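To start, I am sharing the structure in question, which I have written as structure tokens.
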Amino acid sequence: MSTGEKKRVINRVKAMYPLRAKVDESYLRSQEAIKAGKPTVWAMLNFCYGDPILKAMDIEVVYPENYGAALAAAGVARGYLDRADAEGFPTHLCGYSRANFGYAARLMELGGEPPPEAPMGGMPKPLFLLSSVAVCDARYKWFQALGRYLDVPVWTLEAPLPGIREFQLEGCYEEMVKLSVSHLRDFVTFVEKAVGRKMDWDRLDEIVNLMMEINRVSHEVNELRKAKPCPMHSRDFWSAMPPALFLLGDLKESLQLYKNLYDEVAERVENGISAIPEEKYRLVFAELPPWHSLDLFDRLAERGWNFVIESFGYHPPPPVDLSHVKDPLERIARYSLQRMVANYRDALQKNVVAGADVYIYLKYVSEWKCDGAFLHPLVSCRSASTHLPHLANILMERLKVPSLIVEGDIVDLRLFNPQDALQRTEPFEEAMEHYRRVRRELGFDW
Amino acid sequence: MAAKGLSRAKEVCSQRPAVAKGATARGKKVIGYPCVYVPLELLAALDIVPYRLYGEMREPVTEADRVLPASFCPIMRSCLDCALKGRHDFLDGVITIHSSDPQEKTARIWQSYTTLPYFHFVDMPGTTRPEAVDYFASQLKGLVTTLESLSGKKLSADNITKAINAYNHQRSLVQSLFQLTRPSPPLLTGTEIVQVIKAVMSLPVDEGNQLLTEVIEEAKARKQKSEAQRARLLLWGSTTDDAEVMAVLESNANVVFLEDCGGYRPYRGKVSTAGDALTALARHYLTEITCARTFIQNVAAPTKKDYHKDLHARYGYLKSVITDWKVDGVVLLLVRYCDPFAFEVPAVKDYFASLGVPATYIEYDYTEGSLAPMRTRVEAFLETIG
Amino acid sequence: MVCYMGIDIGSAYSKGVLLCGGELVASCVRLSGIDHHATAAAIREQLLASLDVNEPQTVLVVATGVGAGNVGFASNKMSDIVCTARGINRLFPEARTAIDIGAQSTRAIKLDSRGMVTDFAVSEKCAAGSGRFIEVIANVLRIDLEEFGSLSLKSKNPVTFSTGCAVFGESEAITRVVEGVAKEDIAAGVNLALGAKIASLAKRIRLQPPCAVCGGGALNRGLIAAVESELGIRLLLPAEPRTVTALGAAIQAVPKPA
Amino acid sequence: MAEGVHLGDLFFAGIDIGSTMTKAVIINAEGNIAAAIKGPTGAEHRHLANDVMLKALDGAGLKLEDVACIIATGYGRFNVPFADEHITELSCHAKGVCHLFPGARTVVDIGGQDAKCLKVREGRLIDFAMNDKCAAGTGRFLELTAQSLGIKVEDLAALSEKATSPVEISNMCTIFAQQEVVMHLSQGKRIEDIIAGLHRALAERVAALARRLGVEPEVVLTGGVAKNAGMVLAMGQSLDCELLVPEEPLLTGALGAALLARERTIRLLAEGKPLERKPRRLEKATFYS
């Protein structure tokens, strides 16, 4: 649903474009590779766990989660959703999964040939499925349920997630590492059997280092966004993130592109260049953006709303020096665990026991100096929504920062109504003004 | 003269908090747990009374509205609502476990909005691989650490073995309880079983075992009612914590097997007393409890998976239930937003179809309002199989 | 002289208010219907009719509500949340919280002494908690909305509604009816269920008394009583709760002193 | 009266208490309709059951004693004190529809509280699917929305016929759909297109339900909305097949109940069992006295 006007207001970072382009490029390249008979795997976004291994084994990866979004954006999701419904999948399940069930059912009735109506050539029949227990139940139950259509095995990646207090118990972290490492070792054996090739450990070693370096740079870019005015808008982050998040294409090339991004953003900071004409308010966005009506952010930019930080789940883990760790699998494990545990100690110190995904937003808001939070609960995606009411409460309690909540969905795009958001901008600005005064009175520095 | 057997079970269900408060009054520590994956053996070994926490179907959710969205497991939502309303304030603490997202997410909110002296969250792996069992065992070790400091007692080889034996006895008692539903007509109704299990989960292990023994005696003594043959149903779902729901299912049939956490599921198998106790417990809970949350699959070859072999690996244990309990039909009963089980629905239906047993899926939203439509669906289902 | 008009095109009803010389000279309410342009024009007619035709008038109009876009003759559009805050502030300067119970959604708004919004929350789309719930059940009970509130106050033992959703609630109500539960007890149960939802919305923004209530739902005395008992405070009730937002819009039409 | 009972003299009744309408049908031994009545279901079910039954009897020129067996169905079936048996509306619809359309294989019934899709064979229900409780897929979806627009349900069909480009309506939830409708209106969309959009949304929701069972011709559409030509059109498009609609789409449930009452009696007679009928009184009991 468009907000009507189409005027572009956000001052996009030029170095973002080649990173964004990499999505389509690598997509086309993998399409060719697949046609050339290269093995393909369907994977869940697995937060650095499995991707480097698949990359080292030279396997093409497609992400049904993203494809679900693509189906929705192309407006062809409905047919697949109805098919999933007809297959007997309850209608309250994750919208992406339901779209994927409908797709898989079509794929197999066409003898494994991608359906003609599928956008971007569709997803080919996979060699195996790589799911992950991280983030939500759907992300492994979904692939297990695909067994109804695809006669290929599922590898379910473990992702330990202890409580913030319990994490402090002696040995907890090392046990998490132990689980992850031996688990990844088994996974490598599994992949070797599947493709009938041995792992090139040196290559893996190099890929892991590049992965960490890419993420480090992208982390530094976000640090730069603490500047006032903020030089880079959330839209640029979302456009630029895929190469780091999915290890797309050539990693050396990606690394260079992120460095270029860093340089341009750094230069903007130097010259006090803002991402929007006049930064009146700095906002944080959680979690998944309304992909189909992103021009809403232009309308908000006209009112001086600058989105300076966002979507914890898409952000790189904080950098950590693992040069002393020789085993690449252990480096993968420790690095992936970073995403959650890096903040556990701080979270406990600040007595935020509701999980890293809540604590991180307190950090974002206080370090990126946000005036407000834009929260976007998704009706059919519980993992991106459940913590938001608590998040709104704790941001107000601890930091006196108000939240604007506008509901949406991941596939039923009509559920998100930009008008609702725009209707509420006026009163929300009054609220942000009010709490600015309150924060000053309480001695906060923004 | 205190009530015994089934009437005692009814009594306990109707005044669960009072019963638990009784234990605290006797100077015992009482710990609440919302999910059957919490190894109660560890509590019993340290002389702590476990107390199962449920939602309250008749109670409108108000407090939880402020901390959880509407589209969320209504059972955990209601369970948290009760907690926020102070219903569990008499407890010495709560143990939650990462058995599903709703459990994990609710735990974090729970911990953030209540001030119980003790709160522990146990992480759980998703698979049953060896390294996963080891990790789960290490998590249980962490639980023991905090429980020991709470109770001021130490976990010894002796008291953990005693506890494991006591709970293994409870398992075998529940298993024999379900033998009583095999004759036709059954000696116990599903409605009675829901109450018995709910009562057992609200009592210290020995009292629970005592109650089960009484109920078994009482039911065995029953005269075979030669009533008109009613359809024999298998209930498959997450959990049933309300006798009225079962009464609706049984208005024109008998639920002779409850494959859910309010029935047989938590009591399948036995914990091995050989080797390290924590590893034994970890392995048992991870592999014996057949909740949809645990990832199981059968892989034929590195890149091949046979759907029917896979179904058998996931649901094979139901085959003998269908034959031994002479099941005429299966009701798949889930609350809305129960993702782990909802993803299973088409597959488990396929499995029952392969056994030639009709199955129907009923979804409700954990409100009284959903009972009337539920009844219509069950009756219509019975008409299709009758 | 200059007059100021506020027009609030809501999802179910549209309201208008006319201020002249700081005095409220006219107000009206009518169904929004399906042609918002026509509705807006009709409201304008009705309000202007109260003015002396011989006296030349300038009328500044501010539109608000979901249909604000269809008030072509408005000089300005304003957010209904802001207008509600201003309207309440005009009627009850001491009020620090306002609860607006509309047909489709309920809003809890915190405001300061100048009527500026300091925080607000809107009821979740799915959690219902809107006046629509009442309408639906009133329809089941075959009673009109006016009756609903007074009837519910007669209840000795209200039924418990385990859901706030209008549609689920409807089947629950029918079930109760079938069981032979008295009308007033069902009505009271509905008010309690909705009252609890509204109260928790207000708590979400840490309600600060004094608290005023407006919107169509405020006409339901049983509902107000339910909210009051849930929150444990008395609520300030305007004489004409439905036109408060329109009043706020009219106030917004007054040019700010430079 | 078991002695010398002649099936030919007997009559049979079915009464169907739905969430919005109550219907009664009386048939004779040949299964021909002697009387058919419908009236709105109010709060006072029992009161209404009596009224409708009385009207039906008057219509057939019969006395209660003349009716050998009464079967109650529908949402309020347990609230008909004078019924000999209670059977779900699903089986009764199956029976009634197959009586009218012997070739029927699939029945789509869009009622007030729920939408059902039935698979039927020779008058027997063999499988079914009902919508999960969200009313987005029920007749209430249209009713409530029409109500909130101040439009009569009867006028929906005529309006939707004038549609040129139906709007997309999210079919998540009735309440939410109404917000969406208002939004479309405020954006100046034509009411005709919005109504057509509503029909399509409902049709798609119900069609998905029907596909769970697999749609086999002949397909019969029953329930209140079957009177709405716009809805019949949309439903036909979504299922992409010909739809048969009974003259009285509201009565199939009651008719089925009456037919089952007839079968029950025939069975009893065949088994030589007495037609023990509980003494019936149409007491004018109401809930609110």
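Quick notes on this one:
Here the chain labels run A, B, C and D in written order, and each chain numbers its own residues starting at 1.
What we mean here is this: contacts are C-beta pairs under 8 Å (C-beta built on N, C-alpha and C of every residue); 3 or more make two chains touch, one makes a residue touch a chain.
Only a predicted model underlies this, so the values are computations on that prediction, with no experimental measurement involved.
When you average the Cα atoms of each chain and compare centres, the chain farthest from subunit B turns out to be C.
Distance between chain centres (mean CA atoms), subunit A to subunit D: 48 Å.
Annotation: 39 Å between the Cα-based centres of subunit B and subunit D.
Centre-to-centre, using mean CA coordinates, subunit B is 46 Å away from subunit C.
With centres taken as mean Cα positions, subunit D sits 37 Å from subunit C. Counting partner chains per residue, subunit D has residues 75, 113, 132-134, 172, 176, 183 touching two or more of them. Each of the following residues of subunit A touches two or more other chains: 87-88, 90, 92, 379, 389, 393, 415. Of all residues in subunit B, those that touch two or more other chains are 66, 69, 71, 336, 363, 365, 370, 372-373. Taken as a graph of touching chains, this assembly is complete, with every chain in contact with every other. Within the complex, the subunit D residues that touch subunit B are 75, 87-91, 113-114, 125-128, 130, 132-133. Interface residues of subunit A facing subunit C in the complex, by the touch rule stated above, are 379, 389, 392-393, 396, 402, 405, 407, 415, 423-428, 430-431, 433-435. Interface residues of subunit D facing subunit A in the complex, by the touch rule stated above, are 132, 134, 168-170, 172, 176, 180, 183, 204, 207-209, 211-212. Only residues 78, 82-83, 85-88, 90-92, 379, 409, 412, 414-415, 417, 419 of subunit A touch subunit D when the two sit together in their complex.
Taken in their complex, subunit B has these residues touching subunit A: 66-69, 71-72, 98, 100-101, 104-105, 107-109, 111-112, 119-123, 125-127, 129, 131-132, 134-135, 138-139, 141-142, 145-146, 292-293, 295, 297, 299, 302-307, 310, 334, 336-337, 339-340, 342-347, 349-350, 361, 363.
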